[in-house]
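Both of the next two complexes hold chain A, though its partner changes from chain B to chain C.
Up next, the complex of A and B:
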């Protein structure tokens, strides 16, 4: 009975809160919430090391497995560097993808192709590209410029046992969606769910954070799924052995390291 | 009075007797049932999808569906061709292409993610030492130098040339896949609206299967709703000219209408859609209904002789009942034999017309006598008298000619048969659905333009199935595939082939700073694997999914053909087989054809052999039927000959003219079977009956040529005139059918009236002619 009352109380509070809030404040809030969410989701800690298992699944149940180690380090002025080392499939083992992410200008990207012993600069391209053939786009993996969309708080609602703010984002610059709804956890600011709508206004991609764990005090979505509603194709991502603030050196994120990867971090 | 006509009354079935007793009830009852079937009409649905030619469970469809799933391919793709003779690389044209593409993406039912256009497809290139992946036309260049560079870049991508871009840079295409169940007409109309908003010198061509199907649908309704009624009207006029009796004319039309409404109503009620074949059934049934002419024809003669309506009706039915029964049965058997064909719409068409024929038969013994008895006798006699002897006089000279020159007729017939045989040997089985449209139709124009400028509108797939996973990353296998591609490209009708090999080579070249020497398959598995991985990282995953399956065990070679002829695909498969015998695939990999062009080939074969089989079956059944009816083997064979000659001549001409033996042409053989035997049954039946009363060979033959012969000629002319309407159809299929049927009808009537008397004279010594052998 008590929980019931408590539930009703919170619900009415939420309703009140959404109704009462003036719209201008909402607009400001929305941007702020998205910024916080990006920070929590993509920038937690000083650095990060994680072993990532990615399963690509067709509607028929055929699978492709990608296994990689992700090393990420935050630098000053919002700059980030990523080092993605692929372990499997076996025939691409040793392929590395390195990204320098800047808050304003285009990313710098490199690719190391072991079979050719070739370091290849890759032009940053439009955001629609799939990340390694998965249902995630590059922006889904490393974040999108907050200023590229207009954001609006639609409502707050419970999602599972968490309270979420629902934000609608409409792109001003090219995106792989025409409209996106994001359920952002009010306490951790992690995105719990996203709905991507296409040009025809149809729901075509759903992101879900399936498992959120506390890693060294950082709430981390350790299991994520992106489902393509149109093709039935989906990608499941599991983060294993996540560790923050492990002390990644700057020398890891260099062209030289592409040819001589830091084995210590890749085990 | 009653006892007077009791004798002939005994000779007619009780159905006819009761119909004559209670004509009002019979007419009202038939009308009521007709209305009942008519209520089904609003639920009519059409099916214009050529895939439904074969049942969903057929091997080729199951296999095609499987291939579509393996490689994430779309069933229905529209193609929009955009031509600018000045070249499409101008700011205005590229802007329009971008705008049009964007507008198409917004049309509901279009598969947004897979619309392939210069502005949506990725190009992979080496630029300033960087690997760049971006839409082929990402930004529209504003300075001429940049425009030239863009053109060169795109033309150097072999995946674009002949598919997205013509070699001369004047044509591009936008491929628009449709969601399952999307309404192609609506989408095509929306695309046309989009195009209408654009001003410029570009020409647009909308092609592809879905567009063709829709045009089909419209033409089918046109055929059913406009041409069939016009055919009915024409029949009406000709009938009136023949009989000068409105009631009689209405009775014939009524019989046709009843059979059309009952059979079509039943078809719709059972939930079957109308297909291109069944859309022709009203005209067929109308033609078959003209069989009741024999009854009216005979009734006219009888009424003048006995001057009593009831007696004339009974005598007429007693005299023509047998031939009408057997000829309609033979026609029905001919059509029902079509169920042995694997082509679904042909099966349904066969049953539909077969059922309709049986209804006509039923009406001949019920509705027709009921109407005849209702007629005003005096007016009738007056009208009947006006049936002049003019046409009889030329029939009698025709009869005399045949009876007097049996040998010459036989020799000419045999000579013609030999010539027809030559034509028959030149017949080519082929189905080309684009050719069902007129040459100047939008569809054929679009098809012609796209085939001339791009790789080809007909697509087929060759699926290579390896024995192990990842085999599609091995150099040996990729070289096999490349070899096969080059071999098939030797055929000028193959406009374009592409496969995973083209992606592998492109990425290899790009990774080597566009050095042409690297436009080849790398020598190691890891190079290939990493190249493909990189491609998968960079471009749209579906691009690769279309050419290799998930475990890299199967590969898909796209073939673009410049012709929809089923023969082209058959040639390519033969070529493939020969090549693979000399160059077997690595590791015992196998090859499986798929795609719409392959599907067309399969059902085209089904049409040929299925039709031949069903035709032979029908022929045998009809022969048995005739032998039973005439109770004599020789008579049966004799009655069979006009049919045989008709078919040989008609298809001989088809062979000489070079007309493809396609589905509609093949189905006609069945109709000719039914109709030509019809005439012979009437002729032989009536001749033998008459010979029994007047055993003079020559006189009996002349009588038969003049009297029942008139019915035959009337029937044939009426038939031909009704079908002549189809010449005004806008689908060539209907036109071909119309012309051939006119030929079949007139030819079989003439062959019956000229050939049979000659044959009977030639063989009369061996024919059982004595009266006791004549069946009742």
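Up next, the complex of A and C:
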């Protein structure tokens, strides 16, 4: 009887090992790829300065333009600070968003309104909030905690002239998608394309990296588009004059800098 | 009227067609920036009741306004002016208002800003404890764009510090009182009806210079600040020349010191904030002079949270605890409405954005359980293009009595329309 139990136990262990091990290995790989992708897309360099043009387009073709300077600096333990200064349109000119981004806990976010000389603290959930009315959410702009989703490698395939790993991500915490597919470039680890599916399983947002350029040795997606399939609204983003490791000081990411923006970096 | 419309239309056209488009102004942004707006702003009373004078008609407020913002800066110095040119249709006259005009320079970790400027601080949303800077309640109550709640100050401001503890120290040599809703336009409670008034504002001088300081920093994700102020009450205290049948009332501004603190940061899935302040009525600490406000302790707590996409709710609770209340009660003239010892106020702000955040529908509501009065501000604003927006704002007052802060404006419910073209 004992032998029988021991045999059964051994057999089940072997079965478990063969069944569980490969999928765990794939899960680890998928997580690693997503981490590398986040690092390449959101964390390249020690700091970054870029002039960004966003064009918001309705299905009917009406356009709105947002032009801003983004200053981003990486800190220890995955913490990042963003300083986003709006140049246009005229009614938001001089408005500043400052974000302290943490890997797990909620971001700290401030808004400076120049007409009121007012610094506000902003309550907003990243995943569900559109960034300045565009089709990008805050998470699309500054990244999502990789551990908030489970990731799985589906396949590898060519996308254009690049070889990509297709990753499926299913959220464990609040997200604006029920399932997301990401085509990650095997060489640069930049996301080339994303498909966001809603609870009904319908495709509702498509992200594409339309132009990838090498900037100081960092592959950078300098043109990006997010298309909302349900509304037909889309947002095109162009990064101009991108520069890494420019030496942004910590004093840029303070309340005082909101009231007196660092002109040197905004020209 | 027609001539004014033609003038504004041609000015608009010139700005649209001239080389001073946003692109051109941005091209030379290093040296000189030119921005501004053209605006029409009309506010109609909805109650059919008027104050008895020529300016108290259906039109509570009406104007065309042109704002020009000029900025020049280099590494060391920044010059900035914000000037408004307007035509007031209630008073039937044109006017010019300098909203800001200052020079600013940096030396090491300190900045000095001197000139006319907008000052603001504190953690409240339309509730002010340590923000003692002058407000224009008339502008606010008539649905003008919210920046006009702020009265510019002629002041010198020193900013110190960088990443750790920072400080703002302000000296205001030219006293500026709060602008209350004008009596000739708003129906409101007057404790001395028909009695002539005069004002006695603090004159220019070292001993009358208002001093305000804020020391602030962020610890554990909370923006925390300490405040100090030494100056005057900004709402006039009324001093009658005799207790029975006065013939003259003098608006005075008694000396005041305020000590306070505030904090705000992420908690409970949103942003929480808290602020306290001790109002030290320097001229009447014992509370025996009925013409001088008593000392008080004030507090507020707030919570703001996004409930779903593009919908945010903000809640606040505010209280004002009058000190030496017995002395106040004992000296209050008979026939005068008394204040509660602990006046309380709750506010709600609801904001929903639609159509890629181009349409904003909002409501701000004040309700005082102690005064039993309320003030509702519904608002709709739509950005037609990047440069052109239109808004409608209601101001609805009410309450059990017509002697309380909001209740007295019961007959002034109004609806304001604003159209603004920004460049």
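Just so we're on the same page, the second predicted complex is superposed on the first by the 243 of 267 C-alpha atoms of A that agree within 3 Å, B and C clash if a C-alpha of one lies under 4 Å from a C-alpha of the other, contacts with A are read in each partner's own complex, and residues count from 1 in each chain.
The working rule: a contact is a pair of C-beta atoms (placed from the backbone, for glycine too) under 8 Å apart; a residue touches a chain by one contact, two chains touch by 3 or more.
All of these numbers come straight from a predicted model, not from anything done at the bench.
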item: Clash-or-fit label for the pair chain B, chain C on chain A; value: clash
item: Contacts of A:260 with chain B and chain C, given as first, second, both or neither; value: second
item: Which superposed partner A:118 touches (first chain B, second chain C, both, neither); value: both
item: Contacts of A:108 with chain B and chain C, given as first, second, both or neither; value: second
item: Which superposed partner A:198 touches (first chain B, second chain C, both, neither); value: first
item: Partner chain(s) touched by A:60 [first = chain B, second = chain C, both, neither]; value: first
item: First, second, both or neither for A:214, with chain B first and chain C second; value: neither
item: First (chain B), second (chain C), both or neither touched by A:95; value: first
item: Which superposed partner A:230 touches (first chain B, second chain C, both, neither); value: first
item: Chain C collision site on chain B, chosen from 42-50, 204-212, 276-284 or 474-482, when both complexes are overlaid on chain A; value: 474-482
item: Footprint overlap on chain A, comparing chain B with chain C; value: 58, 64, 89, 91, 115-116, 118, 121-123, 125, 129-130, 132-134
item: Chain C-facing residues of chain A, complex; value: 56, 58, 64-65, 87-91, 93, 100, 105-108, 115-118, 121-125, 128-130, 132-135, 176, 233, 250-251, 254-256, 259-260, 263-264, 267
item: Complex interface listing, chain A residues touching chain B; value: 58, 60, 62-64, 86, 89, 91-92, 95, 97, 111, 113-116, 118, 120-123, 125-126, 129-134, 198-200, 204, 230-231
item: Touching residues (chain side chain C, partner chain A) in the complex; value: 22, 26, 29-30, 35, 37, 73, 75, 78, 104, 111, 117-120, 146-147, 150, 159, 161-163, 166, 216, 218, 221, 223, 264-266, 269-271, 273, 304-306, 308-310, 312, 353, 356-358, 383, 385-387, 389, 420, 422-423
item: Interfacial residue positions of chain B with respect to chain A in the complex; value: 69, 72, 105-108, 110-113, 127, 129-135, 138, 470, 473, 511, 522, 524-527, 529-531, 533-534, 536-541, 544, 549-551
